[in-house]
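The two complexes that follow have subunit A in common; it is paired with subunit B in the first and with subunit C in the second.
On to the complex of A and B.
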């Protein structure tokens, strides 16, 4: 399976839960799980090749000009992480199915989870650091959604915000660091960068890049001093915590440090920064963790501590330490995910996570107890479990490392960290599960169903198996991964008995010390609680809140919701910039001859000027200003026609008609006059701004028209190639559907979104307080009788077939002569629109076969299909091919694939205009206006007295 | 033949010009809206029609092909002009005239402009839900 597909599968899978939730919660979980399983299978199929030492690549050019390509790579490191992400993801999906309550929206949960999973898989498979950055930011965003999943809990929202702020800031720093790194290496491809180690370390920018990248890694992996967000993220549902904080999100920082290890590691700066941060985090996290009474908080700080441990090992910069780091990543993922899930089970069953209120669960929840006991003992480093193996190796590495010139300092601190680690692991077992059964649990606990404990039990099984047979199960994996990290071949030998070496005594000291700490826990906890210490959340809030206030004040001053203010700020800024540019550069009068003023343009010009002047003075009367705007629009259409742009003229006329009709409909519900709201001084000021902008624009246009273009325009290319490349002689249409087809596609989507927004707004309007105001509305004019007069009804019915025929004609000839999908769509829409006008909404909707939403959607899909079709022929999006066909008795005519695209445009335009129309009409009905199902109000053919 | 055609075309154009002028003058000069309505609808329609007929003859005789554009233009003019006039008159009556100012219509019927038709009938529009 292509690596790109493996990374894309979770994203595609994210579409499923939202749909499948309608089929039930099991279907939803199975849909998410299937996508994950498929991706995992695809990944494992590559595993043999990776174990043989191959490095797999998938390269897709995306934006090669920027150095941003969708390049994916799979080596040992990627395989390990992708395997963890997808494998534990699968377990989490199973676990979450049983964990989430009925009231939790499960579709949303799985969608977020799959998005996150995709982003993480993307990070570990990226071979391009810019692509990696995109996925990196995606993890920040999707983890924000996951952490804040319980939107009703303030802690959840605050925790999500804090996580996003911290990791997002780190991400920003990392973007800068990665760009510097790419600049030094001369490529954004990891494969290239990894070969440029000596150049990068010799560069004067090395330290800057290192610090910036490490900021990203440390914030993501919760390293001191950025460790505080992780415990606050525990407000998330437990499956999220288990996933994010055992195997994925927080490991992203570690992954990146490991990935860039050959390039960045091995220098003094690296050692000083990474090893120190890791060491401090390890000790600090372990100490704080011991005194946490919340189960998940304890696990959170233990995660912080273990992340510190791995960071420290990576920081040592030796190959042996890297091997240990890799091994511990595997071990930590297994026992920590199991522990988190087990904590969730306890919370789920006993309705509390407070260790002080628990105890004695051993008899009530034997299965959960077994799982926790295995995982916690592994975390404490008790032989023969897997945590013991990696901890022993870590202590050995620590013993051989000199920190700050003091050979005893680092081993001592590492042992201290291990001691506290043992203490909290034992506490977890002792204070929750051992002791007498209590009778005051908030809810009588018992073991959950198999579905819920299956996942943690599986992981606990792994803990034991890896502990017993480390070389058989993980030896090859660790060797391949460590080889990928160090960029060489790593020597891996994991075994239990190292002999009477210092690490053994350090380990023994840690276990002994841990037991002592646990025994003295009561008095120590009281002392800890009484000791003054900085509270991270308070400090964080003290920094963030003033900053947020400042930003809000600034934004409110500029964007206070009044359109006039935005317009004024924008206009003043543009005028000032223009004036500054004009004053700064030299001015040479234009060289072109001015053309003489002929009567026809003069009349058009006079019309425009008169309308503009009238608008400025009479704009308070909204009906009059609408008429004036219509006149301006038609004059512009005439101008297009005068300058031989029939396509533009046609479009302009049709758009003008549709706009005026729709605006008239909207005006029906608005006051007919704009009230005077601003003072005279203010109007004077606004007038001055407007005059400055108008004069500036006029001067600019005048200056431009007196000059030739500084660069050759693209028009000549279009004119020369429309027939050869696009197969059409109507250059405008060829530009729309072929040369700039991408733009057109974007534009019709914007149109469609606009129409849907209008629909959504009117729907909202029909419900909330505005609906009550609408109902209480007193129309400012009496209602007229005979709203649907016979003459109009008959005329529009007669016109409809002609309009449709002309529409089809314009559509078909569009590629070669004025016309095309857009114009035809507008025309047909207006043809239908007059039916609405003539006989009213209810009559028209009763005869409407298709939903306008569906018309828009089908149009967008057809346009997309028309564009994608050219991929089949291995051509870029929207390359049209064309041919000439003869069907007797017709003349020879042309068929182009661009017509499919144009058909999509046509449908979207029709749907958009009519959806807006029917949305606006609904307001009237909601406001209590009557609608009739008969075609006309007074039907002369009906018997007298029975008029409809 | 050509001379006759030229004379005919010229005559039609003059006629249309005269009608156009009269129409515009009437629009300016007539006292109130209902009478003023006659000027553009009748005179201007005929005026434009003259030009169109002239154009058709011109193309048939001098350009050797028959042009149908003018027929279409005529069709649309004839279709839209009365409807426009009808609506202007309707809104004028609606806004400016009270029902008792008008003479009763023949046959005991009511004036359409004042007849409250369709009231009291609420149609549930498909898709509209009461919130």
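On to the complex of A and C.
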């Protein structure tokens, strides 16, 4: 399976849960799980090749000009991480199915989870650092959604915000660091960068790049001093915590350090920064963890501590340490995910995670106890479990490393960290499960169903098996992964008995010390609680709140909600920039001759100027300004015709009609006059600004028209090639559907979105407080005349077939003569619109076969299909081909694939106009207007004197 | 001869547009303005048609047909709005 597909599968899978939730929670979980399983299978199929030492690539050019390509790579490191992400992801999906309560929206949860999974898979498979950055940001965003999943909990929201702020800032720093790295290496391809180690380390930018990239890694992997966000992120549901904080998100930073290890590691700066941060984090996390009473907080700090351990090992910069780091990543993922899930089980069953309220669960929850005992003993480093193996190896490495010139310091601190690690692991078992059974649990706990404990039990089984048979199960894996990390061949030999080496004594000291610490836990915890210490959240808030206030103040100063202010700021800025440019550049008067003024254009000019002046004085009467704008629109249409642009003239007229109808519909519910809101001085100021902008624009237009084009225009190309390349003689239409077809496609989508937004807004209006105001609305004018006048009804009914025929005619000939999908769409829409006007909404809707939403959607799809069709012929999006056919008795005519696209445009335009129309009319119905299903007020077939 | 008559008639319709504009300015109410606008549409149709004859192409003739087919609809909409408030009941 292509690596790109493996990375894309979770994203595709993210679409499923939202749909499948309607088929039930099992279907939803199965849908998410199938996508993950498929990706995992695809990945594992590559495993034999990777174990043979091959490195697989998938390359897709995306934006090669920027060095951004969708290149993916799979080597040992990628295989390990992708396997962890997808494998544990699968277990989490299973676990979450049983963990989430009935009231939790499960579709949403799985969608977020799959998005996150996709982003993580993308990170570990990327072979392009710019692509990697994109996935990196995606993990920040999707983890924000996951952590804040319980939106009703303030801790959830605050934790999510904190995580996003910290990891997001780190991500920003990392973007800069990666760009520098790419610049030094001369490529953004990871495969290339990894070969440029010496150049990068010799560069004067090395330290800058290193610090910036490490900021990204440290924030993501919760290294000191950025470790504080992780415990707050524990407000998330437990499956999220188990996934993000054991196997995936926090390992992203480690992954990147391991990935860039060959180019960045081995220098003094690397050692000083990475090993120190890791060491401090390891000790600090373990110490704080011991005093946490919340099960998940304890596990969170233990995660922080273990991440520190791995970071420290990577920081040593030796190949042997890298091997240990890789092995511990595997071990930590297994026991920590199991522990998180078990903690979730305890919380789920006992309704509390507070260790002080628990104890004695051993008899009540034997299965959970067994899982936790195995995993926690492994975490403590008790033989023969897997945690023991990697801890011993870590201590051995630590013993051989000199830190700040003091050979004893690092081993001592590492042992201290290990001691606290033993203490909190034992505490987890002892204070939760051992001891007498209590009778004051918030809820009497018992073991959950198989579905819930299956996943953690599986992981606990792995903990034991890896512990017993490390070389058989993980030897090859560790060798391949460590080889990928170090860029060479790694020597791996994992075994239990090292002899009476210093590491053994350090280990024994840690276990003994841990037992002592556990015994003294009561007094120590009281002392800890009384000791003053900095509270990370308070500091964080003290920094973030003023910054947020400042930003808000600045935004409010610029955007206070009054349109006049935005417009004033914008206009003044533009005029000032124009004036500055004019004053700064040399000015030579234009050389072109002015054309003589003939009477008819002069009349047009006078019409425009007069209407603009009238609008400025009469704009408060909204109906009058609509009429005046109508005059302007008409004159513009005339101008288009005069300048030989019949397409534009037609479009202008049709848009004018549609606009007037829609505006009048809206105006019915709006005040008919704009109130005077600003003072005289203010109006004077605004007038001055407007006059300056208007005169500036006029001067600019005048100056441009007096000059020839500075560059050859593209029009000549269009005129010359419309027939040959686009197969049409109507250049405007060929530009719309062929040369600039992609723009048109974007534009119709914008139109469609606009119509859907209007629909959504009216939907919102029809409920809530606005609906009450609508119900209480008193029409501001008396109703006169007929509601559905017979003359109008008959006239519009007769007009409809003609309008449709002209519409089809315009559509078909559009490629060669004035017309095309857009104009035809508008015309048909107007033809239908007058039916609504003549006989009312209810009558028209009763005869409406297709839903306007569907018309829009089908149109957009047809347009897309018309564009994608050219892929089949191996040509770029929206390249049209055409040919001439003859069907007797018709004359020879042309068929172009552009017509398919034009049909999409046509449908979208029809759907958009009519969806807006029916949305706005529904407000009237809500306001208490009665509906009628008859076409008109009187029934001509009824006997005389009996009117409806 | 045709040129002279075209110039003359286009001048007439241009003048008519000016008079319509005058009506828009001094109108006593919205209905008069709407009527003036409607008349303007007619005059624009005529002008475009004449211009088509002047330019010697049939394209404008079709364009004027479209003007004629849809130009009245905004007038109907205004009328319905002024009479009933609601366009689509």
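Criterion: the second predicted complex is superposed on the first by the 943 of 948 C-alpha atoms of A that agree within 3 Å, B and C clash if a C-alpha of one lies under 4 Å from a C-alpha of the other, contacts with A are read in each partner's own complex, and residues count from 1 in each chain.
Here, a contact is a pair of C-beta atoms (placed from the backbone, for glycine too) under 8 Å apart; a residue touches a chain by one contact, two chains touch by 3 or more.
As the structure is a prediction and not an experimental result, all values here were calculated from the model.
When the two structures are aligned on the shared chain, A:792 is found in touch with subunit B and with subunit C.
Counted by residues of subunit A touched, the larger count belongs to C, out of subunit B and subunit C.
Once the two complexes are laid over each other on the shared chain, residue contacts for A:642 go to subunit C alone; subunit B is not touched. Residue contacts after overlaying the shared chain place A:634 against subunit C, while subunit B stays out of touching range. Shared-chain residue A:803: touches subunit C; no touch with subunit B.
In the superposed model, A:845 lies in contact with subunit B only, and not with subunit C.
After overlaying the two complexes on the shared chain, residue contacts for A:933 are found with subunit B alone; subunit C is out of touch.
By the touch criterion stated above, A:767 is placed in contact with subunit B alone, subunit C being left untouched. Contacts of A:653 after superposition: subunit C is touched, whereas subunit B is not reached.
Of the two partner chains, subunit B and subunit C are each touched by A:784.
Shared contact residues of subunit A with subunit B and subunit C: 781, 783-785, 787, 792, 799, 841, 931-932. Across the complex, subunit A meets subunit C through its residues 599-600, 603, 606-607, 610-611, 614, 623-624, 627-628, 630-631, 634, 637-638, 641-642, 644, 646, 649-650, 653-654, 656-657, 660-661, 664-665, 667-668, 779-781, 783-785, 787-788, 792, 799, 802-803, 806, 817-818, 827, 830, 833-834, 836-837, 840-841, 917, 921, 924, 929, 931-932. Of all residues in subunit C, those touching subunit A in their complex are 10-11, 14-15, 17-18, 21, 24-25, 30, 33-34, 37, 40-41, 44, 47-48, 51, 55, 59-60, 62-63, 65-67, 69-71, 73-74, 76-78, 80-81, 83-89.
Contacts from subunit B toward subunit A in the complex involve residues 79-80, 82-83, 86-87, 90-91, 94-95, 107, 109, 111-123, 125-126, 128, 131. Every residue of subunit A that touches subunit B in the complex is listed here, in rising order: 766-768, 771, 781-787, 789, 791-792, 795, 798-799, 841-842, 845, 922, 925-926, 930-933, 937-938, 944, 947-948.
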